[in-house]
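Note that the chains are named A, B, C and D in the order they appear, and that numbering of residues resets to 1 at the start of each chain.
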Amino acid sequence: MSSLNIVGLCGSLRAGSLNRMALNLAGASLPEGAGFEVLDWRDVPAFDSDVLAKGVPESVSSLAARLRQADGVVIATPEYNFSMPGMFKNMIDWVSRLENQPFAGKPVAILSATTGPLGGARVQYDVRRTMMFLNAMTLVKPEVFIGMANTKFNADGQCTDEATRKFVGDQMRSFHAWIQSVQRMAA
Amino acid sequence: MSSLNIVGLCGSLRAGSLNRMALNLAGASLPEGAGFEVLDWRDVPAFDSDVLAKGVPESVSSLAARLRQADGVVIATPEYNFSMPGMFKNMIDWVSRLENQPFAGKPVAILSATTGPLGGARVQYDVRRTMMFLNAMTLVKPEVFIGMANTKFNADGQCTDEATRKFVGDQMRSFHAWIQSVQRMAA
Amino acid sequence: MSSLNIVGLCGSLRAGSLNRMALNLAGASLPEGAGFEVLDWRDVPAFDSDVLAKGVPESVSSLAARLRQADGVVIATPEYNFSMPGMFKNMIDWVSRLENQPFAGKPVAILSATTGPLGGARVQYDVRRTMMFLNAMTLVKPEVFIGMANTKFNADGQCTDEATRKFVGDQMRSFHAWIQSVQRMAA
Amino acid sequence: MSSLNIVGLCGSLRAGSLNRMALNLAGASLPEGAGFEVLDWRDVPAFDSDVLAKGVPESVSSLAARLRQADGVVIATPEYNFSMPGMFKNMIDWVSRLENQPFAGKPVAILSATTGPLGGARVQYDVRRTMMFLNAMTLVKPEVFIGMANTKFNADGQCTDEATRKFVGDQMRSFHAWIQSVQRMAA
C-alpha cells in the first residue's frame, strides 16, 4: 500500500482558478492510498532581502515545513505574459532563501491550464529552469498542457474532457513511480 | 536638444540594491537633456483577478500612467532562481491587465546586475519574452550583464569599474537613438 | 502598388514538408503585388570555421545575396527535439559569419507547423533568440502555431483548415505592414 | 575500483576547438579508473526524413551504438548565434530518430567554452531542453561556463587557468557520483 504524501501548489490566487481545478483532478488521479493536499500560500509577503534580514515570516516557514515533509510536489500554474505568475514566483523566491531549502532533491511534477490553445507551453520551461536551480527532481514526461481549459471543466470544477482526464492520470501514475525511483536513488 | 523623458524600473525591492545603482548609472549616462526618473512600484499589491474585478488599485493605475507618459523604460533587474524576481513580475502582471496597456509600442532597454559571474544571463531572456508578449519595442543590443556587481559599485552606490561605465554608457546612447527610431517609425 | 520582394526559408529538408506547405500558404496570403520565393538551402555544407578560413562556399554566398536583396524573410520550421532542426540552424550559422550579415535589420516573420498539438511552441522562441542575436527585426504578433498540421493540408499541399488560412493571412498582412514600418524607420 | 565508461561529444567541428580542449580536460579530471573517449560525429549526414526512410546511415548507427554502451555522456559545446551549433544539433536529430534512442535514461553532463565573457550561458539551456525531450538524466549542478576560453588554454590545448581546472574537476566528480545514483535508481 502506498503511503506517499503529496502536496499541490496552484500558480493562481483567484478563487475560480482553472489550475486549482486541474490540481484537484491531479490529486484525485493519484494511485489509491496516496495523500494529497493543496497548500495555501496566499499569505506569503513580498520578498525583500531587507525583510529577510529581520527574520523569516511565519507564513514562509510554515509553508516550507509542509513542502519539506512532502514526498512530492505537483505544480499547476497559468501563464502570465509568457512566464510565471509573479506572486507564484515570489513564493518560490521566499522559500528558496531558507536553510534546508525545501525543493532540494524533491520530486516535482508540472502541469498548466490556460484558456488559450497552447496550455502553458512557455511557462512550463521557466518553471523547469527555476526548479533546476533549486535542485528539484522534476518529472520529465509526460508533459501536460491543458489548452482551452475553460471548456474542459464544468461549473463544479469537474473535468468533463476525457482526454484531459487521461493525460493527467497518466502523468500522476508516472509521478508516483518517479517519486519511488528518486527515493530509491537517495537510499 | 533632446527632451526625451525616460523612466527606470528596478527589479529588486531592497534599499541597497545593486540594480538600483546600475539604474542610476544608466540614468546618468543618458545624453544631456534626457530626463530620467526611477519609478517606485513597492505599493503594487498581489495580482489576483478577483481583485482586478473590483477595480484597478490606485498604485497600479498611477504607475501605469507614468509608464505611458515615458518615451522609454530602462529595466535593471537581478536574477532570482534563474528567472525574474516574483514581485517585479507581479508588477508587470498588474499593469499588463490595464486598458491602454502601457508597454505596448514602448521602447525598453534591459540590464542586469548580479553578484555571480554571469550577470543575469538567464533572466534577461525571460524579461525579453515577457516584453515581447506586451508588444514592447525592446532594444536588441548592446546587451549589458554586470557580473560580480558587488565589486563594481562603492558604498556610495557609485560605479568604480571603468568597463561597466563604458558598457552602460554605450547602451544608453544606443537606447536614445532607438527611441528616436521607434518614434520615427510610429510617425 | 506594393512591390515588396519577400523570400521564404523552410526549416525541413524533406520533400513533403508540412512547413513548405505552410510557407506556400504564407506566400499566397501576401497582399497583391508582393513577390514571394522559397529559397533552397539544401546545398549549404556543414559549418566548420576551418572551412570558412579557406573561403565562403558558393552555396552560402549566393543564399546570403538572395537574403540581402529581400525586403523580408518568412521562416516556417518544424520543431526537432524541442528546438530548431540542426540543418536549418547550420544554414543560419553559415550566413551569420559573412560580412554584411544578411539578417541585420531584416524584417522576419516566423511560423511553425507540427504534427503534435502545440504547433512549435518551443522552437519559435529559439528562432527568435537567434534572430535577435543577428539584429533581425522580427515581427512580434500575431504568432502562428499550426498544430496537428497533417490534418490541415491535403495531398496537394493545400490548406483545408479555414482557421489556419485566416491566422496565416492575418500574420502576412501584419508582416507586410511591419516591413513598411521598418523601412520607414531606417529611412 | 570504478570501471565507468564515459564518452564525450564536442559541439564544434574545427580542429583547434576550445570545447575539445575543455572535453579533454573533463576526461582527465574523471576519477581514476573511469574510461573516457571523445566520439567523432563528423560523418553524420544532413538529417532528412526522406533519407531516414531509406535506412539509417552507418555513421549514425555506429555513433548511436557507442552512445548506448556508454555509462555517461559529457557534452562540451560552443554557442553559435545564441543557441546550439547547427551541425551538433543535426547529429542529435539523427540519433533521436533511432529505435532504442541512445540518450534515453543516459546520464549527461554539459559544459561550454566561448571566447566571449558569458561562457555559453544561453546554449546550455537549449541543450538541457533537448536532452529533457530525449529523457536523458542531465546533471543539474555544478554548471560549468568557461568564458574567455581562448585565454585559459595554451597552444598545446592544456588548461592554464586554475579556477577552470577546479570547476571542471568538481563537475566531473559530481557527474561520476550522478552516474552511480542513476544506475542505482534504474536497478
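Everything that follows uses one rule, which is that contacts are C-beta pairs under 8 Å (C-beta built on N, C-alpha and C of every residue); 3 or more make two chains touch, one makes a residue touch a chain.
As the structure is a prediction and not an experimental result, all values here were calculated from the model.
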Of all the other chains, whose mean CA position lies farthest from subunit C? A
From the options C-D, A-C or B-C, the pair that copies B-D, where over half of the contact pairs coincide: A-C
Which chain pair is joined by more contacting C-beta pairs, A-D or A-B? A-B
Computed distance of Cα centres, subunit B from subunit A, in Å: 30
Taking each chain's centre as its mean C-alpha position, how far apart are subunit A and subunit D in Å? 31
In subunit C, the residues touching two or more other chains are 122, 125, 129, 132
For subunit B, which residues are in contact with subunit D within the complex? 117-119, 121-122, 125, 145, 147
Listed in rising order, subunit D residues that touch subunit C in their complex are 12-16, 42, 46-50, 80-93, 96, 122, 126, 129-130, 132-134
Considering the complex alone, what residue numbers of subunit C touch subunit B? 125, 128-129, 132, 135, 140-141, 181-182, 184-185, 187
